[in-house]
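In what comes next, subunit A is part of two complexes: it sits with subunit B in the first one and with subunit C in the second one.
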Partner chain A sequence: MKRKGIQQMSWKGLAAFTVLILILPFLLSTSLMITKATFAGIYTIVAVGLGLLMGFAGQISLGQAAFYGVGAYSTAILTATFGISPWLSLLIAITAPALIAYILGHTMARLHGYYLAMATLAFGIVIHVLLVEWKGFTKGASGFYGIPKLELFGFTFTQGISYYYLVWAFALLVIILSLNIIHSRIGRALRSIHDSEVASSSMGVDTGRYKMQVFIISAMFAGIAGWLFAHMSYSISPGSFGLDGSILFLTMVVLGGSTSVWGAVFGALLITAISSFVQALGSKISFITSDFEHVLYGLILMLVVIFLPQGLFPAIAAKLKPFLEFTGRKKKSGSITAVKGDQRA
Partner chain B sequence: MPDLLEVKNVTKKFGGVVANQGVSFSFESEKVIGLIGPNGAGKSTLFNMVSAIFPPTEGEIWFAGKRIDRLPAFKVSPLGIARTFQNLQVFKRMTVLENVMVGLHTSTSSGILSAAFKLPKAKKEEETIYQQAWEEIEFVGLEDVAAVEAGNLPLGKLRLLELARALATRPKLLLLDEIAAGLNHQETAGMSDLIFKVRDRGVSIFVVEHDMDLVMRVSDRIIVLDQGEKIAEGTSKEVQNDPRVIEAYLGNDEEKEEGTV
Partner chain C sequence: MADSVQFLISGLTIGSIYAIVALGFVTIYSVTKVINLAQGEFVMLGGMIMFSLLKLGIPYLIAFLTTIAMVIMIGWLLERTIVRKAKGADALSLIILTIGAAIFIRGIASMIWGKDSVKVASFASNEPVSVMGATITPQSIWVMVFMLVIVAGLFLLIEKTMLGKAFRACSVNPLAARLMAVSPKKMSSFSFALSAGLGALAGLVIAPIIFPAYDMGVMLGIKGFSATILGGLGSAPGAVLGGLLLGVIESLGAGFISSGMKDAIAFGFVLMLLLIRPYGLLGEKNVGKGGL
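This part shows the complex of A and B:
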């Protein structure tokens, strides 16, 4: 039902994006590019969760890569060491980060100020140390080998097009769930906290509770991404789950913009593209190393914060809007609704 | 039957500054009570304590037979207290309708998971929220701007929006914090009509107001604060003739108020 006055979810945007995802593998020429596009999907899942936390709960997590790592390592250990089905360990890969987030958030006196950023930073470091040192379980810094592939009804998802579609199916699910959340009473409550915490609490919104719930959801999404990552690769190592990774996710969200779900998606895609491009350059030019990549992300982060604090996506959406309205069919009525809806969703 | 609101010997200190000193009053349902006093008399402080923005240093506040002065603000709203803010606290990046929909937050209960998966309960509640929010929008007359982002509205409309949003919580007691501040004559007249309409819905109203014409017209009873203490309470006529009130407002020294009694 079309309702006047609500910033509505843009089903058209979602449909267009889905089509793009479906046809993308046919446009990519090499298997390396398909792998990169698969990674983009995994990162999207983490970034969308972090985007919800930053844009809607107003909190920053510097430990998202650690949740991602908890998801990856818990499934790796459960499946390779204990022989549990990967589909069963998916549940653990989701609930373990959620539980950690609950404990972290709870001890942080219901998430005020920058305490969560500090706590997640420390948590990220602890997890990294654990992954390196707890060799009995994690096999240490050299990495964990022998993670089984995912199988469903006799079909094996191997790295390549099938895994690409699997990852993006999860990513689209995460996007849809997130869009549903922000367009619900919870979403409105979260957005209201962002604009005036005193007013939203006097409307009866338990601000601490919703911040906590979003934090938990962001951890669950990271856990799903970790699970996907582990079963995509034969091996994982602690290097993927350190502070670098957390900063990378943060950069994605800041670059794309945290005030909409699509901003985080856009940021994840863009950073993956930039990273692939830099790595391709690196194979030709000797001074472009992975350190160079980090400097580049730092630079991007600074420039965006200074010049486009809302992120790239809102700016691009605003630029595209007149064009879309000009070429597309004009809406008959409730044009304000339509315009706002497109922007928000 | 207990009084709707009972303020018992309430004192509030900010460091060494005493904002309220031993204030007591109570009132019954379905009345409009005015709260006046010169600048710095402690009206806003008292309001913030009744709406549980912060607790009193000493004393107790009871609402409908329940002690509320130690509760967090979000727990007071479902009991039936709503408020507007003098320094406008609208949700700027949300539409007018969405602002009012936040007011219906506590009358609904679907959680984050049923929202994420769009369970039938969440969908049904969303429909109710939408309908009831529209009723409040119509009540204050903001239909034509319902889809506008609140940050783009002029002050007069924002005051109406805050009223609609507060009403959406279905309050028993509505606190209006200088709801007419910055409004022109016509808007102020419209606002006092609205206040009567709200009272006729069975809502008690507690009004802090600098506009004396407005507060005298709408209030059944008026409480006067000066320098943190209650100095008078009574009908508008009684209060206007009270020598302590006249002194507080006109004063012996230079601390004069622009408002007249």
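This part shows the complex of A and C:
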């Protein structure tokens, strides 16, 4: 299949998406909605990383919120307690999760399937407990207060439109980076691992190394998201980084579909929208509480796995395909491979 | 010394519960190759349904049996309505599916029973007994006795009965089992019902000690899963050993280091052990691929 085809498709999508992100704040009426849209960006960053891990390396992480938390807390402690510049602590917020992922990855290279789910689950709980208990650094369960705002050339990013654009700038960078990874040699290797680990390793693909790399990348993305989250809010507390958080990210990726970067983005946006909608509804109807949200997530996970194992995005993309065909290339390159390429792109 | 004995006993008590939950994991896994992360929710349902039935004024023994029957029904329904539909999905999807089921059940439970812990009366008297300077509540003796009875009962069921033979046949080779007129589908339903029953028993017997709440299943499920992995996925003796070991380590860690850190200590231990023995304590090397 021609390489050009996939890339053209994805860049077009990216351009359209960028325009959507740029004009979105003008369509949202309240500051609460802008905050939600900012959160959607932060979640997108984590979800894209997790999507790479699940869809391309075929691995599951049930502790992604822990990396997110490590990123948030490392910048919070460095900037508020030690007075280091937030831009400098961004480096730490990325490298600390990466380092942990590297260490965990050593187990991962040997652990497969269910054992890995267990390992990341256990890791997530260990980190959550440490955040609560290591009071000297993290200030415990009540939360860490006094995280400074981000400043650049005298301009302060406060919660609102400016922070929205900052977050989405990072999110778009992450998306572009991920699209590039997928279309690179690493991406092809990862896809082959996902389809058959045995086959790819017998073709000379160092499966352990690639899985480790994508695990580290997903941890780094979560770290960036944590950094953005910490500097957006004045305070953070361990509650955001527990098992519920990990499952929220998982739901996003499963709902959107992990076989494409856009699936994860779509899932993050959709779940944020659903959650906002349910919360808005909850303020009017007493019956609908945060528990209702969890019931909904559980339902989504089950229904998607049973009826749409590929996720929502590929299904929608397939439906829209006939309309898109007009604008783009004609189906010259064999329909089956074309469908596959689009789903991955 | 008295302290150590005390910690050891409370560790064995909670460890027995982990062992029962872990046996539930093994039961389902051995036939269906599904890791049912909703296993902890069966335990929670056992405790909570018992609470509701007792509140209605139903006699203890009847409430006890009704609870088990109801949770078995729920487990059976879970298999029939959800798990069977997704048959043939990969391991990743099946894990996600059972996580979804777990969140769903937990959410419903919190809507029914609220978020507060409830109190369930203990089996018999509540007068603590003193052994070697340590105090033991009768209920924790009940827990250990139940664990032993369950282990013995499962052993007899699986090894000595025709049903158990069919069960093992499906676990070893579903296709061959079908040729011998054993239905793997029925066995799959049976395994879910059986392990829901095990979960309910665990919930019933631990409820008087830990004050059940809607979210108690999360940790119990994860700990049971850890115990399963610790012992070696698919090995029933391993599950029991893993459960007891996890309980004791957690309890010693809580006693001698810090009670807040107990979960971190327990899971840290599991992670360490997986590093050294990726296939668990009693697992065979070829199961080391996560059973896949």
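Quick note on the criterion: the second predicted complex is superposed on the first by the 314 of 345 C-alpha atoms of A that agree within 3 Å, B and C clash if a C-alpha of one lies under 4 Å from a C-alpha of the other, contacts with A are read in each partner's own complex, and residues count from 1 in each chain.
Convention: a contact is a pair of C-beta atoms (placed from the backbone, for glycine too) under 8 Å apart; a residue touches a chain by one contact, two chains touch by 3 or more.
Please read these numbers as outputs of a predicted model, since none were measured by experiment.
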Touching partner for A:Phe241 - first (subunit B), second (subunit C), both, neither: neither
Contacts of A:Phe56 with subunit B and subunit C, given as first, second, both or neither: neither
Touched partner set for A:Val254, first subunit B, second subunit C, both or neither: second
Partner chain(s) touched by A:Ile181 [first = subunit B, second = subunit C, both, neither]: first
Subunit B versus subunit C as contact partner of A:Ser196, first or second or both or neither: first
Subunit B versus subunit C as contact partner of A:Tyr73, first or second or both or neither: neither
Those residues of subunit A which subunit B touches in one complex and subunit C touches in the other: none
Residues of subunit B touching subunit A in the complex: 51-53, 72-78, 82-83, 85, 89-99, 101-106, 108, 110-112, 115-118, 122, 125-126, 129-130, 137, 146-149, 165, 169
Contact set on subunit C toward subunit A in their complex: 35, 82, 85-86, 89, 91-97, 99-108, 110-111, 218, 222, 225-226, 229, 233, 258, 260-261, 263-264, 267-268, 270-271, 274-275, 278, 288-292
Touching residues (chain side subunit A, partner subunit B) in the complex: 3-7, 177-178, 180-181, 184-189, 191-192, 194-196, 198-207, 210, 213-214, 217, 259, 334, 336-337, 340
Residues of subunit A defined as touching subunit C within the complex: 54, 58, 60, 62, 106-107, 110-119, 121-123, 125-126, 129-130, 132-133, 243, 247, 250, 254, 289, 291-302, 305-306, 309
